[in-house]
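Order as written gives the chain letters A, B, C and D; numbering starts at 1 within each chain.
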Amino acid sequence: MDRSRLESFSDGVFAVAITLLALNLAIEGPGHGSLVHQLGHHWPAFVAYVVSFFTIGVIWVNHHALVANIAIVDRTLLFLNLLLLAIVVAIPFVTSTMAAYLTAGGQDAHVAMALYAGTFEAMGLGFTAVFEWTLREDARLQRPVPASARWAVRARFYIGQVPYLLAIGVAFISAPVALVITALVAVYYVFERTPGRRPVPADADRPGRTPV
Amino acid sequence: MDRSRLESFSDGVFAVAITLLALNLAIEGPGHGSLVHQLGHHWPAFVAYVVSFFTIGVIWVNHHALVANIAIVDRTLLFLNLLLLAIVVAIPFVTSTMAAYLTAGGQDAHVAMALYAGTFEAMGLGFTAVFEWTLREDARLQRPVPASARWAVRARFYIGQVPYLLAIGVAFISAPVALVITALVAVYYVFERTPGRRPVPADADRPGRTPV
Amino acid sequence: MDRSRLESFSDGVFAVAITLLALNLAIEGPGHGSLVHQLGHHWPAFVAYVVSFFTIGVIWVNHHALVANIAIVDRTLLFLNLLLLAIVVAIPFVTSTMAAYLTAGGQDAHVAMALYAGTFEAMGLGFTAVFEWTLREDARLQRPVPASARWAVRARFYIGQVPYLLAIGVAFISAPVALVITALVAVYYVFERTPGRRPVPADADRPGRTPV
Amino acid sequence: MDRSRLESFSDGVFAVAITLLALNLAIEGPGHGSLVHQLGHHWPAFVAYVVSFFTIGVIWVNHHALVANIAIVDRTLLFLNLLLLAIVVAIPFVTSTMAAYLTAGGQDAHVAMALYAGTFEAMGLGFTAVFEWTLREDARLQRPVPASARWAVRARFYIGQVPYLLAIGVAFISAPVALVITALVAVYYVFERTPGRRPVPADADRPGRTPV
């Protein structure tokens, strides 16, 4: 398989998963109090929508950057990528669960938020697995990471896991604070640049390179 | 990342969002009065479906025209595009809410319609943000807009926001009239041409250009 | 816009619409009688799923054949295509409505089936609108239909509408018989060949042609 | 039609179907016992999600490998492919049904599991139909399977059906054991290689070849 079909399937899954987030935007409808009150009552659903949307958006952007650099597509990569997607696809579920319990208080709010942050952590680990695969053999990347730079790149990846681990812990103290942490991670990545990613002319594809 | 993956992900999100609109087409089913009566009772859902479908369709067409002209894809563009998509994905929710409250009367109908028109306005602003990004540096467009023409192009974009702002205001006087305004905007754009868009031979792609 | 993005967006919409059909495959679940009984009770949902799936599949195949031959993509074509897609996207709704009422008997069963067949007829008309656009100017097709052959091709298209019109009429006499007619149309097209479609080598794309 | 549009539509359907699996991940929400208890109570939904996700993932990977080798796209292939997709799209339904009944015990659990394994078996047969089409004429594959190797390849395909047939039978004795069998099939294929598939450089596309 060439890289383009891996990308097009992944793009499809990311696109559907990110759009299904909107199914959690729901109100009871007429006969359940004023609309303004209902919208206000469901504020966790709207906040959760925004945080999850941009978190999936960030992983999509990083997925692009990583996959665009891949030179070899083998079965191991396909299944590591499937593992990552299986976690991404579960995000709408943990998002709606977290939103439903955020203001419920008690143990349930803690568990729902830990499940939410834990799924983001799992997504980070899934992404790391794909990334580690690319480091194992130079031939797997078009522009391989030099051996001397590998540990620096790795460190950056593993340090990137810390905030979600922190959020899991904080979830058991205060669910809203843990939500703020996950939101800040998304904000950070929106304004930060991934190593190895530089803006490329949209038309820079060399003849013979898979263009999609 | 090359432009093609930006387009394919955006296309996926547009396609899913536009299709999820149809989930709002629903009736109670057997045992809730005659089918004809149920269909008649739900007329706002059908009108809302058509207006939202073509509104998303118009923004998709314009998105294509704009992105096809982009020469550089950087992280800022990716996230401005994500912001636009986050608003588009919320349209099925505000569509079903508006349809549910349109005939409810009172304050709720006004709020639901203002939320609907407001989301379209936000979509317009999100699109404008992507557009403004393209104007900042000549290198960002394949065929840059000449400095002398920029303000004329900008004026056209900002004037294009007026009808939705108007609809938000009118929503608090008459929700159905505001709905007619949003419908007329879609009709206008279906029959109008965007600046910079001309029909191109489908096979005009130069060798070496990203073909998708 | 080049043809490829029209195709990729259309493919996305077709793919989501055809998959949403499966949401109509639902049973009440534990506590509502034996599973075998529930599955048997919902037979119209399963039949409707198969008929709608292959009907959308046929229109997708024909859409491909037509669009692959298009040489110019203009705004008119984009909106005619959107009109066609707006009808396709409504098919899951009319499918579930038809399935819910097929065995209800009475006027409701007739109306639900007429709505179903009428939506297929509307889809046929939407497809015909796109097709008529391609006939208006020779430059719009890569291999234009010769003037002498146009009426024969047109006749074939318009005769193709007859079975659905018939099904709409028959729906008011017998909903199941009308369902059989719509099923036979799908079967016919699966085994029939469209004019102008011939199998092409998958690798036959000339350099410089839009490959997707 | 060229192969790429067949792939892009199929990818879309696979992507939506695999993502809709997540709609089965649902809990009752606040007021129905503790969240931990609800999550524990729904364990079959989570197990079923993982098994179905990777089963669809495996068929997607194999579909890629097979289609990438196809040289001719004709109408027969398109409809055999549609048949396969019609079965894949039904998987979210049989998955949720199986998960709902797995712990219900009695005849319903057996039927639900047989339906689940039977759908996987049908998917295998649908895939085999596409595969058989490729064997009928040498011109249909870019690298045709030599006549001498055909029966070996076929045997491998038909032996691959055995575990699902076994699972259908075992379903009537023990639904959980049958679930384990279907899970083992997915695990097997994740770690096994398909004949004819070898890792190819992602950039190996020859000029003039359909790149997507």
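By our rule, a residue touches a chain if its C-beta (ideal position, glycine included) is under 8 Å from a C-beta of that chain, and two chains touch if they have at least 3 such contacts.
Every value quoted in this text rests on a predicted model; they were computed, and no experiment measured them.
A rotation of 90 degrees, rounded to a multiple of 5, brings the CA atoms of chain B into register with those of chain C.
Using the average of C-alpha coordinates as each chain's centre, C ends up farthest from chain A. Two copies of one sequence, chain A and chain D, touch each other mainly through non-matching residues, since under half of the numbers at the interface are common to both. In terms of their C-alpha centroids, the spacing between chain A and chain D amounts to 25 Å. One finds 36 Å separating the Cα centroids of chain B and chain D. For chain A, the set of residues touching two or more other chains reads 8, 12, 15-16, 20, 207, 211-212. Listed in rising order, the residues of chain C touching chain B in the complex are 1-5, 8-9, 11-13, 15-17, 20, 70-75, 78-79, 82, 85-86, 89-90, 92-93, 97, 100-101, 104, 107-108, 111-112, 115, 142, 207-212.
Interface of chain C with chain D (complex): residues 7-8, 11-12, 14-16, 18-23, 25-27, 29-30, 34-36, 39, 49-50, 53-54, 57, 60-61, 64-65, 68, 190, 193, 197, 199-207, 211-212.
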